[in-house]
Each structure stands twice: as C-alpha cells, then as structure tokens.
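See the structures that follow.
Below are two complexes that have subunit A in common, paired first with subunit B and then with subunit C.
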Partner chain A sequence: MSVTGAGVRRQPTGWPWLALAVLLALLVVWPLARLLGQVFGDGLDAFRRLADYPGLGAAYVNTLVISLGGVALALVAGTGLAWCTTRVPPRLRTLVAAAPVLPLVMPSVASVEGWQYLLAPRTGLLNRTLRDLGLGSGAAGPLDIQSLPGIVLLSGSILTSFVYLFVTASLRQRGAELEAAAAACGAGPWRTFLTVTLPMLRPALVYSGVITFLLALGQFTVPLLLGGPRRIEVVSTVIYRVSAEYPVDYGLGGAVALPLLVIGVGLVAVQRRALRDEQRYVAVSGRTRQVGIRTSWWACVPVLGYLVVAVVLPLFALIVVSLSPYWSGQVNPSVFTTDNWVQALADPKTTSAISTTAAAVGFTLLLVLPLGYLTALSLIGRTRVPRAVRTGIDLLSSISLCLPAALLGFALLLTYSSPPVRLYGTTAMVVVAYVTLMLPFALRPQLSSLQATGPEYGEASRASGAGPLATALRVTFPLIRNGLGVSAALVTIIVVHEFAVSLLVTSPQRRVIGSLLYDATNSGIAPQVAVLALLMVLLTVAGMTVALLLGGRHSLQRL
Partner chain B sequence: MSEVRIDALTKTFDAGGVRAVDGLSLTVGEGELVVLLGPSGCGKTTLLRCVAGLERPDSGTIEIAGETMVGGRRDVPTHRRGIGMVFQNYALWPHMTIEQNVAYPLRAKGVGRAERSTRARRALALVECEPLAGRLPSAISGGQQQRVALARALVAEPRLLLFDEPLSNLDYRLRAQLRQQIRELHLELGFTGVYVTHDQTEAMQLGTKVAVLRDGRVEQLADPQTLFSRPASAYVARFLGIANELTLERGTDGRWRVGGAPTSLVLPHTELSDAGYDLRLRSSDIELAAPGTGPQDADRTSVPGTVTDAVYGGDLTEWIVRVGDARLSATARTRTWPFGRDDRVDVVLRRSALLVYERTEAGALVPLDSVVGSAA
Partner chain C sequence: MKLLRHHRSRLGVIIGAALVLVLAACGATSGSAPAAAPVADPDDGGGPAWQAVVDAANREGTLVLYTNSDAVGDEFAAAFNRSYPDVRLVVTHYASGELTTKLDAEKGARTAGADVAMLSSKLWLDDNAGRLVAPTGPALAKYWGGSRFVYQGGRFVLVAATPLGAGVNSAMVQQLGAAPIRTYQDLLQPQLKDALGILPGKPTPAGIQWWYYAARQLGGDAGVAQLAGLNPRIYTGTAPMGTDIASGEIAVGVYQVKPIIDALAAKGAPVSFVPLTPAISTAVDSAVVDWATHPHAAQVFQNWLLSPAGQVALAGNGGLLSALDPATIPGAPATMTRIPADGAVADGILTPEQSTWLEKVWSIQMKLP
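Up next is the complex of A and B:
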C-alpha cells in the first residue's frame, strides 16, 4: 500500500478547532460584548439612570430571597428524595427513581398557572375548599400563592428535580457498600448519613447547588406570573419591563443585570475550583451495588407527595379550568365543555405559534446537536487540539450557563434587531437565541457519553483503516446514541418550556407557544391560558418521546 | 517488505514532564515479532501508540516498509499506515455483529460486500470463531472477544500487526491458549509484528526478539534464550524475576566473600575491581545440602544458612533460606530436600549460574565466562 496524496503531511492542528472557538464566541460573547458596550458606552450614565429606576432595591432583595430560599428548599427536598429512592423496595426502584424527574416535563408556566387556579387568594380551588371548611374568613385566603413565600415555595419545588438528578446519580454511581461498611463499623443510620453519605455527596451538592442558584437568580416565569398582582419584581422581570418600553434602553437593562452576570461568572469559577479535587470522592470499588440497605414501603410516600404537588395537582387544575367555560374557583363537571380546545385549535394564532415552536425546536436541534458534538470532541482530549483553543472552547461553551436567561435574551434582542444582522421578527432569530442558550445542554450528555465509551473504539476504527468521517458515522455516533438522545430530549424540553428568551426575542407577529401564553394571561381569560399550558405539556411529551426513541431505551434512565 | 525502523524517537507528556520514550531506536525485521517487555510506565505502550499513529512523537522518525510515517514534516494518520491492531480491552464495537466487526477493515478499504463476507469468515475460521459470526460482542466470552479482535486485525492482511497487551484481561488458562494460538498464527502467516506486554512468559514464548524497556529506552534487545540466560543488567534480571540477590565482595585476604561468607570460588579477580558486586541467581539454580557437607572448590561454593519456610506448591516446593541479611529462594521438585523450618543448611552455588552485576546505576552484567580466571 503506498501512502501518497492529501492528509499525509502533518495534520493541520488548530485551524478547524479555532474556527469552532470563533463560532462559539460569535454566538455567546458578541451579544454580551455589545450589551456591555451599551452599558458603558456613555460613561456611567446608564448607572445614573439605574439609580433613578423606581423599586430597584426591592427587586434585588427579592431576587436574593427567592434564590436563597428556593435553593435551600430544593437542596433539602432533592437530597431527601434521592435518599428515599435508595430505600424503596427493589421491585419498585426503577419506577420510583424516575418519578422525581417527571416534573421536568411540566413547563414552569403550567405549574405556575395550575397553582394559581388552586391557591389564588379569591378564586383558588383549595382556598375556596378551605373557606368552606371554615378555615379563614371573608372572600380571600387563607392561603396566598401570589406572595413572596408562594414564589419561593414554587421556585423551590421546580428546582428540586434538578438537585435530585445530580444527587441520585451520585448515589447510584457509588452504591451502598460505603454505607454498609460504616454500619459494619458500628455506626447507626443517622451517624452513617452524617459522616459518610453527606460528605460523599459534597461534589453533587456543590454542583447542583450552584446550578440551581444560577437558575434561581435568573428565575423569571414564577415571579412574572405570580408577582404581578402585588408588584413583586425581581431582576429578570425588571429587564423584561425595560425591554417592553420603546425605545428600549439597553444600557439601563444591561446595568440592571450586571450584578447577576458578575455573581454568575464568580460562582462558576468557584464551582470549578471546588470540584477540582473531585478524585477524593470517586468511590474505589469497581462494582457498585445497592446491598444491605433496609427497604421500606414508606420511602415511596415522600416521592409520591412530591409528584402530587409538582405534577398531579397543577395538571388537575389546568384540565379542570380548560374544560370550564369560565373560571370562578368552582369545579362544575355538568358545564364541562371542549369549546376552549376547539376555539384554541381553530385560532390561527395558536396554530402558527405551535408550528413556529415546532420549527424552532427542529432547527435548533439540527444546529445545536452537531455543534455540541464537535465541542465535546474538542474537549475530550482525544484529538489534537491546541491547549489554548481547548480552554477557550471550554469557557465559551459554559458561559451561557452562568447567565440569567432574561439577560441573554436581552443581549440577543439588542444584537439581532440592529445591523449588521437584523433578524427580529423571524424564526431564525428564535433559533439563534435557542442555539446559544442550549449549547451547554447539547454538550454535556454527549461529552459524558463519549467519556463513558472510552477512546479505544475510535482508535480501533482508525487502526482498521477508517478515516475520521467514517469513524464518526459508523462507530462514534452509534455508540453515543444514548447521549445524543438525552441531549435532544433536554433541548426539546427546555426550548418548549423556555419563557424568558421567548418573550424577549419573539415579535408580536411571530409568537412561540410560550409567548402566546403570556399574551393570554395578560388578557385574563383563564380557560385559554389553561389550554395553551396543556398544549405545552403535550408538545413537550411528544418531542421528548421522539428524542428518547431515537436515543434507545436506556436514555430515559440517564436523563 | 514491512520492516519497521524507529530512530531516535522521543515523546514527552505534560509539556516538559516525563519522557515516556527517550531517544529510542529499534528495528523490527521483516517477519519478526518483537516483544516490548517492561513494567508499567516504561514507555512500551507509548512507543506502540507512536508506531500506530495514535500518539505523535516530539522528535525522531518511524519508517514502515521504507516509507516515512513520522519524521520531518510528515505525519501519516493512523488509517493510512496499513496496520492492524489488537487492543487490551478488545475494543469490539458493541453495536456491530462479530462478522461486521471483522469485515470493518475491508469495508474501510472499499472491498465489495460479497468478498468482505468471505474474507471475514475466513479470518474468523483462522481463530476458530466462525460459528459466532452473527452474534453481538456482548454475547460472547472474553477469550472469544479477543480472538475476534485478532481476526479483525488480520483480515485486511496489514503489513504490520500491533498488539497492545492483548492477553492481560484474560484469565490464566485462556491466556496460555491464546498465546499458543498467536504463536501458531505467526509461524503460519509470517506477519511482522510488535507486541507489548509486561508478562515475561508471554515475551519468551511469542517473541522472535524481546526488547526490555526502561524509562523509555531499550535496556536489552535479544532473542528469548539470550535474554533468559544472560540478562544484560541488574534491572533486566530483577524484571525477569531473578529474585535472589547476594553481595560479592573481596575480603582483606584477597579472597571473594559471597553474602559475607568466605569462598574458594575462582573469579577473575584481576579483571574485577574491589568495589564489590551484586550477585543474582535464579531460584532453580540454587541447591541445598546438609550443614557442613556443601562442596567448596573452584566451580562451586557453599554458604551457611537457615531454612525459614518450605512452601509446598504441588509439583514444586520453594525453600526460603536466610543467609546473613539476605533472603534466598530455592525451587526444586517437591521432596528433593528433606529440610524444614529452622533447619541449618549449606546453600550451594555454581559458578556457571552466577550473574554478576556492577554496583552502579546502569548495573551492567560482568561477563565471567569470557575471562580466564587465575587461582586465588
């Protein structure tokens, strides 16, 4: 065999990967840089306008209270649920372990609206029931979801699933042998939990704590929808209000969000440092088994309780409202009608929003999955990528994780509604925004899938004479099918649920389903809102099913 | 035509850190199977991966069949090097059937479907795995997986076969079986190969030549017989498991002392320095005798010792003997000697079995046979 022709000389390292780094920078850094340019563009004038903005101090305090409260709640509840699922009898374990993930399928808009119908002070179904039972008095109360505690509770409930995901993965990966060893040394269950389980969970808790705190800082849906009546503002809602005024004061909006940006970048840096000595927490045992744990049916109770709060009750409320001709806080099956559904589906606004959403999801997947694959490939260290380029790609690909979605949406609005790239009002703008937002989620599952498959499969292919493209198509893709499926499912879920960026970047003429729903809440027709929220749930389930079918049967467990 | 020439190859990891391969040169002749032997971290796998193109060396050249693979501005990617490779953990693609796995290198070459199937089955027949063709890798045993991996490496008749510790993940029995199979395949097909292992039995049985590596350099390159009987340095001797170590020093009276005890051994003392040497002996070369009955003459010497244990191991028994501060092991057929724990014995050493090494960092072998000794 003679070796001649192209590709024989030293492989050109760097250039293709540098192009990837530049592309990522264009997607993420350019909008941020433009926004910061607006903030600092006219000296410190933006900050002077900031000082004059009414109620900003309260908004910062609210943001902090909601974030800290929500994260504390989520950490406790998520860890508790994860611990419970290891105590469930083996026959039910797979089923019960998947249950706390289920709320991720619920768009936060849907749970917020669902709980509105249950606990709104006047018309809340539960409130009415409680009043009928003689608790509370007058026409309102006794409970009020449209309050700061209400927002904290609901935010915490939504974030619980995320904490659960990380903690349960860490528990499962480790098995129960370490706990069994502690028990064999004479430690009781409580001491074992405090001295072995909890310290071993530290990396998972740090990681999920930071992620949920970042999500909570950028929390938008819950405060926007629940805080409206009492004017409980947070940073994200302030940014949204700034963007709704014409002409948009980008300098002011950017300045409002600046503290969150600083906190976000700082936290991610701290997180990376904290997790650097992760080796200490890697369990040494080769095989992990759940052995010697006492199981109990009672362990199912908290999991079921969480499901009821996060999924069953709000879904029930939404269905009831969507079938009622109007909403007054009473369930009256005799007047149930499908009129709201028929009307909504006949409305061209709804159908166009659905098709825009579907198209946006499709194009986003088409772009972000290959981008995530290439990024994962460059990060995994099996290809010859110059160190500096790799570090750059690593940072660029995780920036959007530490940004509040509203801030990113705001920056994207600024960037793509003015020259040189004017996309406002097109589906392309929505897609570009989603791709930017989704990159970390398209990247991580593929990266861990690649890491799990080990380098030798690709090497064996190359040693067998297959080039890079053939290796990718015939060996790597089939092997990371799982990770691809999980990436696709995550992206689908988050894009359909996405609210902050959607509200900011869609024009009134080209709505996605999330922004259409917000329009409906503003016009105050409850059954219409309920129908749209349920449509979002259905779209999510449909998209996720397709993604997971493509990813094979094990991808659900890995989600 | 598939000689491999490696010249002054250097590969450093972690920017200025450890030199995994350090200016190494080695030639593998046509039809030879050279075994790279050494402990973990000696650079043997890195060297193999450089030959495969899976690592890029910092400097030096690699030629296969007269064509430069790496060197100067050339760096031929792995898939154009015309190699076949067997990995330690088999690396069969789990989503392909056995036949698809084996046919893959042919597919990469653009061979037609029908011919692919015929040749894949022929390769599978070669390793006695033809009945498995339709199965998935997860449905066959570890030994079968490695046989299939071997068939995959052979199927396209590459000009060079690379083996990266292919038997390390198998149990003792399977290892022996597959070792024999690889040996027979090499005799039958006459391929050129490089084989990495840390198992000396594997190296001895498979290699037409064995290269013992130390810190990224070749410490000794020899055929198995030479390697076994004359390890070129203390390092090689230690790695080959020649466990018995005694000091060899000259006493004030000019006589040689072994392990502190005076002997009548005739050694070429004019050629040897007074600094002292390290003696190494295979446990099968040590004999035991009742105390006081051990011979002392020009070719044999005896030193007194105490048996601390007799380890019964079926056919063979190992006697552990303490001589001064040293702990010696003598292996012989069970019931060769009647000694047990705490018995005093004479340890008999034959001059021809002594391996004498300089007491330096290099620890080079002192060739006793080539020097004509004079009486002490």
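Up next is the complex of A and C:
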C-alpha cells in the first residue's frame, strides 16, 4: 500500500521513466538498428551474399551442437553440484558452497590455454600421462581438446558455474522441509529428487538454461581457439572473420548473426512466459531451513572434482608454462625462470592495459550500477511507471543478452567509428560498449534485492520528507547492499574477461587486458600467453574481492 | 565479527603487499640494449625545414605503428629509439585483416590510432591512397630514386618482403622417419601425416598468393591434394604454430617466419628455420596516414625506415628481405639480403586466376571455412 498525503513526495512518473527507456534504446537499439540498416540497406543482397558464403551451414550446426551440448552438460553438472552442497556436513557447507563459484575467476582464454597444455594430442601433459599408463596407443591421444566434443566439454564446464549460481540460490531459498517430508513418507533419495526437488527447481532451471544457452550461442573464445586448428567454425567466429576481411561487409556480418538474434529474443520471451507463474513454486514456509537431510562427506567429492577440473588443473598448467623459457610439452622445474613475469610486468603495454582495464571497470561500474538500479526500480510493480514504458524498459534491458558479443562489437564499431558520434579510440568507447553489454548483469541482482526488501522502508522515508535520491542513498542502497555487491562482482568478472567486443572497439592506446591477451595468443609465445592469462585471473580476483567486500559478507553466498 | 575484521585486515596487508610487489615490478626497467652506431644519419640532406619536422616530432614524443609483420619487434623499436630517443615508438601487431578493419574505423572516426601502417595489403593502400601522405624527409629521394617499390608518388613504399619458409623440429622429423626438410617437395613426405601445420593464408590476400606460388613448387593441384592428404593442422598465427613446433605437437610448420623460430631457438627450443627455395615472400608496405595524431613523428619514422639505418634495423638480420641493395649500404651486415629480382613477392592483389584457384582448389582441398 502506498503512503499518500501532505509531506510525501510522489515518485517520478511518466517522463523520467520514458527518458530512461530512450537512454536504453540509444545504448542498445541504435547500434543494432544501424547494423540492421546495413543488412537490409541494399534490399536482400546481404542474404544473397550469405547464401554464397562457404561453410555457413556447418557453422550454424556447430553452434547449435556446442550450445545444446554445453548447456545440457552444465544443467546436469550445475544442478548436481548444487544438490551435493546441500548434502555436505553443516560445518563445511559455507566453504564447499562457495567452491563451484570459483571457476568464474578463470577467463575463458585461461581455461582454453590451460587445457591445451593438458590435452593437446601429442604433448598434452594429461595425454602423456594417460599414454604412460597404457591408455591409448601411438604418439597422440587418447584425448583431443581440439575437437567438437572437446569444445562441448569445455563450454559445459565453463557454463556449469552459472547454472550452479541459479540452482543453489533456489535450493537455499526453498529449504528442505518438503524433501524431509517426502523422506518421512518413505521416499528414497532418488525418488525425492525426481518428484520433489526437480519440479521445485523448474524456474531456476528454465532461467539458467535460457541464460546459459544465450551465452553459449554467442560464445567466441573457446571455439575460436580450440576449433580453428580443426576447421570448426561457429557463428561468432564467422562474424569475426567477416570483420577481418577487407573491405568489411557489415551487411553480411549482421545477416550471419540475425538468426541468433531471433532465437535469442524468442527464448527470452519463452523464458518470461514460463516464469510468469513462478508463485506456484514458492516454498511452504517463510523461513526456510535445511533440516532433516542426511549429510555425508562424500558429497564434497563432486565439488572438489569440479574445482580440480575447472580451476586447479588449468591453473597448474598455466603456472608451469609461465615459468618455462618456452613450452616444451614437459614439466621441467630445473629450467623454471621468472623472466617471463619480469618482462611482462616491465612492458608498458601490460601496465597500460591493466590500468585501462581497471579504469574501464571503474567507469563501467559507476555508470551501469545506477543505470541498473533505475531500471530495476522501473520494473518492480510498486513504482508508478506507465505499463507501455515498463514493457519497453524490460525488453530493452534484456536485448544485449540475446546478442552474440561479436555481433554487438561489430555493431558498436560501425556506430561509433563514424558520424554523428565518433568515440572510437577513446576510453569512452570502451565504457559505452561495456555498459551496453553489462546492463542485464547489473540489473538482475539489484532487481531481486529490491523485490526482497519490500516497499515499507522507502515509503517511510518518503513519508518523512526525503526525496528519491536521499531515500535511495540512505535507505534503499544499504538495504540492497548485497545485490549491489553481486552486481558489481558479476560486472567486474565479465568486463575483465571480455574479449569479443574489446577486440573490435579498443585502439592501441586503449588496450584492455583481454585484447592484449588475444594479441599474445596470435603473436606471442606460450609463456607470454600464460603470464597474461594469469594476470587476468589475478585482476579478476582483486576486482571480485573488492566488489564482494563492498557488498558485505553475504555477497559471496548470494553470488 | 572480530574474526572477520582480523581476516579483513590480514587480507588488506596481503593485497597491499601484492600491490607493492606488482608496482615495484612495473617500475623495474629491463636492461637497455647496447648502443650501436647508425649506418648513416637518416636526417642527412634534410636541411633546416626537415630539422623543424624532427623538432616537432620530438615535441610530439610518440609514434604509433600498426603492423602485421612479426619481424617488427623490440630490437627494431630499440634501433629507432637510438636514432630518435625523444620519440617513443608504440608498435601494435594485428593480423592483416584486423589491421585494415582498424584503419578503416579510424579513418572514419578521424581519431587517435595509427600514425604509420606497415601491411601487406596493396589493395587497401591503393584504395586509400588519397588518405596517405607522401614522405617529406630526404631519404626517399636520396635512396629510392627509380625504385620499382615506390607507389603513388611515394604515398606508400614496399620497404621489405617477408620470406616465408618452414619451422622445423629436426628431432621430431627424424623420429617420424622423414627426410630433413629442405625443399617444398620435402613437405609432402607421408611420414609427416598429422604432424604438419600450415597457416593457410585465408583471408589475407597476400597469404593466399603465397600459397598460390608455393602450390606450383609443390606440383600444382596434385601437390595440393597430397598436402591436404597429410591432414595439416590449421593455425591463425605464426607464433602459436611456432609454439607447437617447439613443443613437438607438430614437426613442421609451413608459412613460418624466421624471427619467431629464432626467438624460440634462442630460448633453447630444438627448432630451426628452413628458407624454402625459390624464396616466395609477402610485401611489407609502409605508409603515413593523413589522420595521424603525431604527423611529424610519422614523417620522421617513415624517413628513418626508408634510410639505410631503418633498412638495416628492419632487414639486417635476414628475417626480412631488404628493398634496398645491401651492397649500396656501407656497414650493412652480411646477413642482409636483397629481394631477388626474379623472386615472387605477393602484393595482396589477387588476380582473377588466383581468386579462382582459391575458390576451386585451395579452399576445397584444405576444407577452409
């Protein structure tokens, strides 16, 4: 119920929210419209060129196979890990529950490079070990990371953390009373899982499934670095190759990605529809508890296994390579040297990229967190926003999730490198690109926090005469501090790891660590790549730590 | 809560210490390269007007160079800085296609980016000749009079050529039972199946041309089919291919450059560069762009590059072929080699015949996307 009367300032209605919708449209729709203008500018000619482009059918098939395979794997593994963390003995639960989130600090490039050193057919450390153990024959194999199954497995491993985040939050929120009741009625663990746990997880699975599928559709790093040697193309690598041909055919690039955009928008619509009746899945009690569950130390094993696969092994390989003069395919501590680290840190390009990345993260957070807050405010039911404007804001804030990052980079390059707004070559270009890309990630945690806090405190503040800004600063922000911390951590992680957009929008004077790492993968030797990948991990850890400290002690659990 | 604060303060100390270490490392300088006497003063013959350009370049203090050449590295930058210590040379490497995309973006935005570009796409340079600035320094007239490598009145100049060959892990070649790699035909040995890597050239036009010329040495279309039968691994850069040769992931990598392999060999890797004969090379053209934010530094750099000092820095170690005749450069190193008069130099402009070959033969045989 809203408080009205003398002394109560009314919430902004109409025009301010319309201005927000226009701002979002300028950020997201304008670049997209310019790109689509190129696609349809000469009638359907871009689609004729599309039909003639060699190997495109295989690229679409590969994209679907990798996305579906990766998401299926991530859904199974992420749900399994979340379930396991509820079965861990209570004194270990906080620690073990945080473990599946740790792979988020690993940039995709670091994971890919690490696994290349582990599973390259001839010289991969694990392949050598397996051959020494008598598994496989000949001089190569038995495993090959540079293959379609290899790409699916690595994609699935990377996406598992995202699924885990959503599913574990849902499990924690719902508690275990229903499962305990099922067990008390004689249901075994498996039956309880199938008939109680899984159905209750439907919203989390639908949401995480769609999000990870969208991420998988647009993923770039893994197929580019692993698929290239074996001619495995996906849509985002085709877009990137089109952008690297002279003269650049923006129309063709946009046409290549158009099916993904349509799929993305359709999936978000389906997701909204599927989650519309989410109230059906609420837990029976207000205060949820993990009671009546049988715990076991064995539940730690899958979590530790995932941690080893997603973090420990690739990090180990990267550290070994970073300390080697060159990558010889063998671990030889007698030749280890810190020269590669000293050279990288003495190189002005590295220090400049680190400072540009830090500045870009800082500016992006300064812009995208308030923007995400305003957007979240406009989407919760208690604000007086005209329905059409609210629907528009909801759609606009989700669009960049539906776009492959390579396509967004392509559109931003086209838009901001020519009149009327020339930003290319400036930090502003990088920041605008990141804000556009990060909006959904800055929005969702804040929206959840706002929905959880209820309107009473804000209304009391306004009843006491405080304006919207004072209410936000003194009441709402402290209440949603956890959500802000989670938003900041997610934005920091994704911006530091960002790769596809950065490649297209950064100039030599404004390189970020992601584009520098990509350069190293093309023109640097292995130890240089390993050092930069590890620096990226350290930068992510530092940024994430600061964000979570600002967000309070519960942020990591909420992340 | 106390415990949490205690942990936080410890965390703060650890982060602080790490930052101090990182900053200390950032501040550390690497050993400076030994000074070497320049072959000849690049400003010689410039007069007061040119000196004014050099002074302005020193005030600008920076020069941004885009290149797709792996031969342009730290030593090259150090050589330039010995001649012009007040101008910091910022070298950025791009693959050929990325480089022209970046140039087009900057050209449209007229924004900070490249001052000088060294690339292998004559097509882009021809198309954009109106946006390039001819050298104003003394070196062009003094050393390049009548050269076939000066285009559009000097708006761009072929300053060197990259002789591409094979990077070889000799121990692995021997282990596979293959004969030592010396010629193009040696690349077709069946023992190299699954142990050969190539940079297929696509989408770089000069790279495609290189393979077009190399295919003739391999035995035409039949040779290409034989090469495809070896199931070569496809690479996107010479550096990752060099890494795989050094580790033994592949035994031989073709379309490789000498500086990458030499750098790995200097670190102890069991690799060597084999220059395949006849030499087939790709052009290295250099041009000053008219949207340069350091226009005077750009002119000074281009003049230095066209002078004997720049040519020795670029091609003195034999990694590239020089466009100037080393015999005319007093003090030129013995390793410096001229572009052969009859050698094929891929210029990046595909003929209709080459385009057809790419579409009908090379892309299909190599299953290129």
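As a working rule, the second predicted complex is superposed on the first by the 536 of 559 C-alpha atoms of A that agree within 3 Å, B and C clash if a C-alpha of one lies under 4 Å from a C-alpha of the other, contacts with A are read in each partner's own complex, and residues count from 1 in each chain.
Here is the rule we use: contacts are C-beta pairs under 8 Å (C-beta built on N, C-alpha and C of every residue); 3 or more make two chains touch, one makes a residue touch a chain.
Remember, predicted model here, so these are calculated numbers, not experimental data.
Asker: Which partner does A:195 reach: the first (subunit B), the second (subunit C), both, or neither?
Answerer: Once the two structures are laid over each other on A, A:195 reaches no partner at all.
Asker: Please work out whether A:418 is in contact with subunit B alone, subunit C alone, both, or neither, and reply first, second, both or neither.
Answerer: Touch partner of A:418: subunit C, not subunit B.
Asker: Which of the two partners, first being subunit B and second being subunit C, lies in contact with A:54: first, second, both, or neither?
Answerer: Only subunit C is touched by A:54; subunit B is not.
Asker: With both complexes superposed on chain A, which partner does A:457 reach: first (subunit B), second (subunit C), both or neither?
Answerer: first
Asker: Would you sort A:296 into first (subunit B), second (subunit C), both or neither based on which partner it touches?
Answerer: neither
Asker: Which partner, subunit B or subunit C, touches the larger number of subunit A residues?
Answerer: Comparing subunit B with subunit C, the partner touching more subunit A residues is C.
Asker: Show me the subunit A residues, by the header's touch rule, that subunit B contacts in one structure and subunit C contacts in the other.
Answerer: The overlap between the subunit B and subunit C interfaces on subunit A is empty, containing no residue.
Asker: Which of the residues in subunit A come into contact with subunit C in the complex?
Answerer: 54-55, 58-59, 120-123, 140, 228-231, 233, 238, 241, 243-248, 325-329, 335, 341-343, 345-346, 351, 413, 416-418, 422-426, 503-504, 507-509, 511, 519, 521-526, 542, 545, 549, 553
Asker: Going by the contact rule at the top, pick out the subunit B residues touching subunit A in the complex.
Answerer: Subunit B residues touching subunit A: 52-54, 56, 67, 69, 73-85, 87, 89, 91-95, 104-105, 107-109, 149, 152-153, 156, 159, 162.
Asker: Under the stated contact criterion, what part of subunit C meets subunit A in this complex?
Answerer: 4, 8, 11, 15, 22, 25-26, 28-30, 64, 66, 70, 90, 92-95, 97-98, 100-102, 104-106, 108-114, 121, 123-124, 127, 194-195, 197, 203, 233-240, 242-244, 246-250, 260, 263-264, 267-269, 363, 367-369
Asker: For subunit A, which residues are in contact with subunit B within the complex?
Answerer: 1-3, 7-11, 384, 454, 456-457, 459-467, 470-471, 474-475, 478-479
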